[in-house]
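As written, the chain order gives the labels A, B, C and D, with residue 1 at the start of each chain.
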């Protein structure tokens, strides 16, 4: 029908697959028809379609400066993600979007940025780190707090080291279970706050991870004086379309696909505290 | 979708106490049967073929309920032989209509049917396969829908979760544009508490659903029973309504008892 | 400026015929299986003349009523969304080609429907779905194509059912906009006052040469429609409702209603504004071809809120809360109007007889 | 291994029959010592749990006895209930029931002829293997079978356990226009049935002609489906009400199915051969002609030729279905009102495999007090054993494999539905 049917996927070819952890893979993809890739901003997501299997919301984890590829980091947790991570170089997948409200990288200009990620939640935040580090002087301090289940579950390990070496940047990681060879922090990500000194009035926080982790992180940030409106979280709900037609991602009055996934904490704080919304 | 070429999955079809209807559904997929036979290796399907390849099997389709000591042992053996075990139909998933014996004195039942009851060896109950061994997927219905069976086969081959919804028959009923028999005619209908899958057949034929796909994901049988009473149903009627082809499925079993109390 | 005409039954037949001549598929009310449903019609003879419905919470009966004209039935179970936002629609097909796949968009053109007998509440419902599916950023091409090809003949209500409450929702019973032509039955329902709403409507009226309506016909029409409004027994108090419901998230009433609610989904699918859908991917046994289908869904199903790890709304209480709060509160914030038009379908067609107006009232207490 | 000796042959599982059973043959030299058609399909005890259910539930419950011929169960149950409750249905309802039944015959015969029986004659393990060499034949069979299923689905919603048949009529009857799409396919099916008859008449058969008592329904004007008197070539002529006076069920140790005998006569045969032999004159001319062309003229005694007779019945069923499409007008009401009363009702109809008898005793609320169901396979079971007893001596020179094959084929001649009789077949050939 209409050429700009938002429900029609566009074919992308897998150019490269990187194994990040035992269950998480990064796929670099390029448009099959060689037309320019879809434009996106950090924090936006695509609906990725595996032919005959299904479609899922997956955040773009690549650099906005990469003008050729769309990159995704996928954790295999179920049917479709399993199939997605087993795609090999040369396989095709369908891409719709990008959809959603991005992280406030413009608004954050000149501010300290605290990025808090849990597990796969680092993937949607990676474009933010790329963005800031490329324009390092335009932003204040950069702090990344990253929690993973175990050292083996940490994503982007090489990059974590690179980022920690960037000027005015701190990267603190923690795990739930360390094992014998782990000499880093053990514990939930909120415990990391005691190692960083925040300048709350000039801080903007971007948080992505399991809902319960985001709830605790947001509370922690709030007790440390960061205003609710300066805390952004990325929410997750079932999505079938990405453009507000299917209704599945409703979260109170908001559609996560188009009013989110990135929300200002002050808007959704009461909903995050409630049950089964 | 199958990206890499892989061996055709080896499939076995096994029968327990049943009417054969569910396995017949495969033969009733006339348009797809030959394509199915190309896509999977039908290794064991006595109703259709004299070839009986030994296990193990990638997929076992099990029809029927367990009603004899011998079958109770046989299902253990089959489970060990099958990587994925899929039960098909109300007998296999809930004990079937023959589970009505579970409320009765079986010996008396046998005496009622057979002149020489001593020849008959049967268990006191008819039970679902899942009461005996772990089951990977259940396909409901008395009989199953051949569309759902084909979906399970195609989805398994494609690596997709089968589209087998667990919500109510009403969802399909309304999509199909049926007139609700309960609201418009006052005909009792189990649709609201029954799992979709048949395409809301009975309401489309102007009768109430009799629950052949078993309980839906969150069956509120108490509310439906109350509504049945409003429609003038006696407690005996309500008991009978829930004691059908899925009588032994827990929510229906429970609801059929409630019928007595009121 | 709207113009007013006088129509009799043959003129109505002429209208249906003219629309069919123009290539529209005429869809209107007709009797099937003990209810008035919407389906294809070819003439006035197909309309439910002589039938009247009796409606209550969880109950509908279509009774013989010799005095009833073709439009005296009051709305039944089906709504126009079935024709504009179909229950099942294929989004696209895909074909395997040496490892890759090719997307095949739908190629069939949208059907052209002339809807005959659209009520004021239903016009409001269509306008609401317009906002959802033709909204700001994205448009749904399936809905859009059908919507564009539409011709609407509205009919103002002269009777109300016991479940109607459009007057309190300010959506009826008189149609004010969104139609090409509107009719009001007068003179015991055997004559009609015709009103044009668009140029397309005016063109048809002109072509058929309908005589102008006398002024007394207009006042009679206005009065019967007002009477239908006065006859309504149910209502929802809109003032402050959205705020009250948003604040009532932990109200004990949700537990009470969850005892009766069967989460069967009937209310949402019968509702003319509920738009939610799910998708299903299918493939042929040989894997050569795949399709993606969209189907009406409901927030009452478990899978609706499923994310990896489990459904968000596992309790029926939270699902009922989603439905009612969305309809009467969140919708206002999302789209600027309530999501309810007062048609009463969710009340009549709830097999457990749950009454949204009653719940809304209890939740404010 | 052609010298007669004492030997034991076992075939554990017999395939391509509906249900679970075993066959046991014990031979001593040329003498057959014992033949048992063992049915170990677990008993499902329908007659017991039907008690206390309402009359209106019997058609749907008894349908679950057999997924291959559910309509036969629905029809016998409905007719028995209507006899008990004194109901006459509209002639158009009667016609529609015949159409419904034709659908089941076409489906069931199509299934048996192409998918279960033909592989025996052509030397294949199943229809799927057959399709590799004879694709068109199998495709024709599947399409024919589907034509039958289309009738059933249209009238009843689905192929297996359709939902529309009811005591008093149907829950919903179709309009003429709804039936119309069947016509083209049935025309094709009629031609395909004729081709089928010609095809199977070329299959090689051994010579084997037992002296059967053929028992079938007979109707004054029609080839029997739903109604008729029960007649035989030995002079039996009774109504269904008298069935139990003449036929007796025995319970034998080796089987979970009851064996039926004609009192004073012994085993008897029901099913296509019996219907054909006793009602040849009622077949439409086209079916008679096809039969003659295929050298099938009554009495056909060779059970191995039953495949041809089934094909002739396919011709009849397609022809009859087409005739009904022309004659049908929707009845004024889909079904008549039924008032329960205390009574007994009996009925027999012609399932694809033969006579299916039901009897119900109802109380004043319409609840079932006692039920009795005699399916065709129970009736044929003693006769199958007799066939084997008569067939075996002639095969004694053959190899074990050959004997087994023949024995299996002889059983399959009956298209036994063990689900009905209760279900599964297993052959143990024990020669000592």
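The rule we apply is simple: a residue touches a chain if its C-beta (ideal position, glycine included) is under 8 Å from a C-beta of that chain, and two chains touch if they have at least 3 such contacts.
These numbers come from a predicted model, not from an experiment.
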Computed over C-alpha atoms, the centroid farthest from that of chain A is that of chain D
Chain whose averaged C-alpha position falls nearest the assembly-wide average: B
CA centroids of chain B and chain C: separation to the nearest Å works out as 36
How many angstrom between the C-alpha centroids of chain D and chain C? 51
Would you kindly tell me how far, in whole Å, the mean C-alpha position of chain D lies from that of chain A? 65
Please tell me the distance, in whole Å, between the geometric centres of chain B and chain D computed from their C-alpha atoms. 25
If you look at chain C, which of its residues touch at least two other chains? 96, 99, 101, 281-283, 287, 290, 303
Do you know which chain B residues sit against two or more other chains? 1, 3, 158, 160, 206
Contacts with two or more other chains, residues of chain A listed in rising order: 51-54, 78, 91
How is the touch graph of the chains shaped: line, ring, star, complete or other? other
Return all touching chain pairs. A-B, A-C, B-C, B-D
Under the definition above, what is the set of chain C residues touching chain A in their complex? 91-92, 94, 96, 99-103, 105-107, 132-133, 135, 137-142, 144-145, 246, 249-250, 275-279, 281-283, 287, 290, 292, 294, 297, 299, 303-308, 312-315, 317-318, 321-322, 326, 329-330, 333-334
Chain C touches which residues of chain A in the complex? 1-2, 5-11, 13, 32, 49, 51-55, 77-78, 90-92, 94, 236-238, 240-241, 243-248, 250, 252-255, 258, 274-277
Going by the contact rule at the top, pick out the chain B residues touching chain A in the complex. 1, 3, 158-161
Which positions of chain C touch chain B when the two form their complex? 32-35, 37, 58-62, 76-78, 82, 87-88, 96, 99, 101, 259-266, 269-270, 280-287, 290, 295-296, 298, 300-303, 316, 348-353
In the complex with chain B, residue positions of chain D that touch it: 13-20, 41-49, 51, 53-54, 57, 60-61, 64-68, 70, 107, 111, 115-116, 119, 125-129, 131, 138-139, 142-143, 145-146, 149, 156-161, 163-164, 166, 171-172, 249-253, 256, 258, 334, 417, 419, 423-424
